[in-house]
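Down below are the structures I want you to see.
You will see chain A twice below: alongside chain B first, and alongside chain C after that.
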Partner chain A sequence: MSALTDPKGAIAELTRPEGWVLGVSVAFLLFLLAALLTGALGPTYFLFLVGLAGMYALLSFGLNAQWGFTGLINFSVAAFFGIGAYGSALMTASGSPIAGGFNPLVGLVVALVVALVLALLIGIPTLRLRADYLAIASLGLAEVMRLIVLNERWLTNGSAGVRGIPGFFSGWPVLSTFPETMPGLRLEVIPGSPVILETAFWRASLNVLLVLAFAGTVYYVLRRAHRSPWGRVLRTIRSDEDLARALGKNTYSFKMQSFVLGSLIMALAGVFYTHLNLYVGPGDLDPITTFYAWVAVILGGSGSNRGALFGGIVIVTIREGTRFLNDVALPIDPAPLRLLLIGVVIVAVMRYRPQGILPPQRELIWPSAVDGRGTPETPDSGVREQKGGGGDE
Partner chain B sequence: MSEGALPTDDAVLRVDDLQKSFGGLAATDHATFAVERGTITGLIGPNGAGKSTLFNLISGFYEPDGGTVEVNGTDVTGMEPYQVADHGLIRTFQTPRKLEGMTVREAMLVGPRKQPGESFLRLFASPGTVGESESANLADAERILEEFEIDHLAAQPATDISGGQMKLVELARAMLAEPEVLLLDEPVAGVNPTLAKKLKSQIRRLNEQGTTFLLIEHDMEFVMDLADPIVVLDQGHVLTEGTPEGVRSDDRVIDAYLGGGT
Partner chain C sequence: MTVLGYLANGLVFSSIIVLGSIGLSLVYSIADFANFAHGDTMTIGAYAALVTFGAVGGLGGAVLGLPFGFFLALVVGIGAAAVVAVATEKLIYEPLDIDSIGLLITSIGIAFIYRALIQIRFGSDFTRFDIQAQRPIESLVPYGVRVTLHDVAIVGSAVVLVVGLHVLLQYTDLGRKMRAMADNPDLARVSGIRTKRVKLWTWVIGAGLAGAGGVFLGLFNQLAPRMGFNLLLVIFAAVILGGIGSVYGAMAGGFLIGMINQLTPFFSTVVEALPIWPGWLAAALESLISIEYANAIAFVIMVAVLLVRPNGIAGEAAT
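Up next is the complex of A and B:
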């Protein structure tokens, strides 16, 4: 049943945490809308935040495809993100110390290919071994990548970073000049606090469009994969790899596919970030990015795509929302408060809802196979929710 | 010792001079035996006799130091477990781990081999084929759950069922992989008598339908009642093999179990 044709029924079907998340999201959106209309939040900055949220959602999707699906412990999220960011920046930027000046689509392809090669390089020796080896190797990879970017000035400009990056749509027909051709708008919904939309706003809305396209595609792919026999093998590997091997599954190949897929998604997040921020520096490869992605996935519920999406948004809200605390007189600087807040959220989630806020719920069977049978007995509410709500309070 | 000792050509599994050492300890010491098609062959031996090592060697989880393993006439020595499974040999584990976040029905659907939907590209290139095979597998899974009289568990989380029920699900799932020979590692260890009885009748039924079994079991009553022939392992080599009666009255077997003799 579609949420569009029967919104009431769709709401009634939600589990308690789903309803809770929906409620909070709606309240949050209303709050943002109010902030926008009163001029407290600039529309261009708001769109930048949406782009950032989309970027974190992509990173979380990538990690979810590795850790959430298959149980692969990857501590080099920042490295793959950095490869995406630098790969695209070095190909397209006017300030690039190497090639530069290519169309952003070329940057996208190059970034993804480099990420693919690196994922294979790190996967080939470690994925045959126990899970811990990938964790250690990826930790090393993250640091190696960061140091290369920092020190190989001929390639990356070192600590100065790469400037002069074009927008993603530069060189495209229509879209490349779209922001300039749009008229400036002045909206005055609330008298006395006009909202002005100009070129920067339209440029930012293109970025939002881009990240929605990236995240939408990735979400669609992951959702289909998760419900498929392919995803089922990954989930089996997560619980018991030997069982999967004994049942004739080439687990090495499956783990490699999962690892490469996740790494490509992380690189995609990096490509988007490059064209959103228009500057990349070695700081973008700091381990904190890896940490944020892990928090988002664990918070949202490992293995759950919408959980990863939710977690990504929560991270941006905490990261950027705390900036506004500058306006409030606080006894301490808000920057450390940010990490403190994330820490508190993690502890609270682990204590009260260790499976995450939106764990993967419905039975995951290829949709057409279930529909064909007329489904009355498949459980609609989730596997975990069924136990009389035991662990949900 | 009538049939067991007779060399015939219809062996679905043949183990020849298999060796494996860990450090200085020969866990499998020149073991040789065959499993004839259509039998339920029992593998017994005192603790530490090397039964589990032998299972791991046969199913490809360990690489042997020497000797060969043949499944259906194909030499599978040194192959990966998934390749051995592709030749028709499926195994279960002594202590099955539970599949988190899956229902019993989903856990069953891991069983069928070579599903089109296990190819990432085909999920997008030919979703129709994936759907058809998933429908067929789902129907098979539910039919087998019914035959095992555990269809009421289908929608239960796989983490919520009892250990004994898990053993039944494991056996049911292994059947979805359509094995020619199924290796069961202690199918009734820790299973209550009622479920053990059920397992026994299921194994017998499946055997009558054509599946060959090789099973490790410590429950003597269970194995003597079900298996024929029986292979006795002691200190990594085959001590003797034969009918349950023959094995039971063999002095060497009694010595091995009581720790006398050697």
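Up next is the complex of A and C:
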């Protein structure tokens, strides 16, 4: 917003952690750019990574809507992610054991509807439970989901997974043939190491556009929702559920709404993953996916959407960085190393910065109400309405 | 196999679950959080025993088909699990200034660290203790019971440990302090109980029993870095079924969940035999009640118990 008109002022306003995150991000971007230009990092692979980061950001947004906003400990992220992935894969893939061959948009809708149903099925029994019981119950139900996907071969192909998934844009008027029609480009920024852009590159850039659209929309919706009166009720529930109930709010209903919203976003991440990876298997429902999202959210700062975005990028760095490290420097199996890093990050954050790196501060307040810029010109749903109770929706 | 055979298997598996669930329940009531690293504490015990057994060998004679060296390894496994748990409490949990939900999340990180270290050191493949596999006891085979001497040893050792814990809780000073703390930590502290020390002992006992459970699990099945995490939810199911915070409830819950887990094939034959109407329901039940879903059934029971009786079968009161 103001960063474009007054960059210096915007930088001066940053808090210290914000400055650090900004500095590290810029350095990391420069590093990636250098790797791209020298050809050390293939542009197609780079775009795949961007897509993956966007996907984890989406997943973290979903979890943030549950844990960050309302304080629901949902350990079934992987189940909703998997439902989204399998829902769209089974509808669209040529190798699908049921229907298959539909337009990816149909897959998207079906995946979201199935995720909605599952969210209600899991939410109705568990959301009344105490927080720690919810954690255990949701992890158990996610495991049930994984076992079903693994064992019901007639429905999901079992451990073989689903192959033959088309890209998201197949069947669209222009975009389905866009990668093929684009000419191959050959950039030679640094002499001797040309960067070649081919069909695969254009396909990957379409995916990136897609995830940017998804993530951008979700980010915007969540931002508005979090600041709205509805979001304020959720935040009240998070800090003191009894208080929210005493104020006359039906907390169960609010929790359910936030649970469903988050679950749909997770399923959306799954849909995108299907068309990015073009293969889904039961391994994608492994609990580790859940904890990737958790690390992203608590590292970024619970309740903070930009924190979730930052966390998503860190997760991809850990995921792909360990693979890279294994190829280049240390011959350590990347799987346990990843697990170790995730564990260390969780413990370190809880030990030294339990509120996360970018905890929500100003972003929770309606922008015109901060920084002593005089009284806000009566926002239609502002901070001051709290006394009057405000509207629910 | 006959019903008796399934029951016998259930008894063996239950012994392992009981060992795990007691520790989880103790820590849940005294340290006051759901410890997701408990399953991986079992893995630590199992691998510590594996290393020890590999180093010392059989040491001559054998009891119940198990060489003396294995019992030494068992003790080392228990000790290693306890030491690791106490070190974690001292280094990680104690300095933390967060609520029980924060501790829960931290314990997941701890679980990953344990598992990752084991996987880096030992690889992710299955291994076994280097002990000759036993044939089922001949005299029991006609009854359809196929248990080995090792299984008998597992049940026997578990009974010894559980009885020992019972004596400790009911008749010793430490046990009384622990029960007091589980009941009301603040009241315990103002009564002059050194709650920190009691908490440490809780970790020692809970993790030690988990270590024993891990060693027996390795003997019963195989060892793998994921063995504990895979069992964790089953143990949670047992603890919740028995009522969180109740040690005797956890024993009962562990027994029931272990039995149900191993009796699943029997249930599926029962379902096939029953005339269930309509046909699609019978088909659905037949496909859902099968060995593949043995763990899933435990989780569904767990959720059902949480809904109907959040205090479990024994309730909160009886520690």
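Here, the second predicted complex is superposed on the first by the 351 of 393 C-alpha atoms of A that agree within 3 Å, B and C clash if a C-alpha of one lies under 4 Å from a C-alpha of the other, contacts with A are read in each partner's own complex, and residues count from 1 in each chain.
As a working rule, a residue touches a chain if its C-beta (ideal position, glycine included) is under 8 Å from a C-beta of that chain, and two chains touch if they have at least 3 such contacts.
Note that the structure is a prediction, hence the values are computed from the model and not measured.
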Exercise for the section: Would you sort A:Thr251 into first (chain B), second (chain C), both or neither based on which partner it touches? Expected result: first
Practice task
State whether A:Ala225 touches chain B only (first), chain C only (second), both chains, or neither.
Solution key: first
Exercise for the section: Identify the partner contact of A:Gly303: answer first if only chain B is touched, second if only chain C is, both if each is, neither if none is. Expected result: first
Exercise for the section: In the overlay, answer first, second, both or neither for which of chain B and chain C A:Pro360 touches. Expected result: first
Practice task
Pick one for A:Leu120: touches chain B only (first), chain C only (second), both, or neither.
Solution key: neither
Exercise for the section: Kindly classify A:Leu339 by the partners it touches after superposition: chain B alone (first), chain C alone (second), both, or neither? Expected result: second
Exercise for the section: For A:Arg238, decide between first (touching chain B), second (touching chain C), both and neither. Expected result: first
Practice task
Using the touch rule from the top, collect the residues of chain C that touch chain A in their complex.
Solution key: 33-34, 92, 95-98, 100-102, 104-106, 108-113, 115-117, 119-120, 123-124, 225, 233, 236-237, 240, 287, 290, 292-293, 295-296, 299-300, 302-303, 306-307, 310
Practice task
Give every residue of chain A touching chain C within the complex, in rising order.
Solution key: 73, 125-126, 128-133, 135-137, 139-141, 143-144, 147-148, 150-152, 291, 294, 298, 332-333, 335-340, 342-347, 350-351, 354
Fill in the blank from the handout: Touching chain B in the complex, chain A uses residues 221, 224-225, 228-230, 232-233, 235-236, 238-240, 242-251, 257, 261, 303, 359-360, 363-370, 372-373, 377-379, 383-384, 386-387
Problem - Touching residues on chain B, where the partner in the complex is chain A - result: 59-61, 80-82, 85-86, 90-93, 96-103, 105-106, 109-111, 113-120, 123-124, 127, 130-131, 133-135, 137-138, 154-155, 157, 160, 173-174, 177
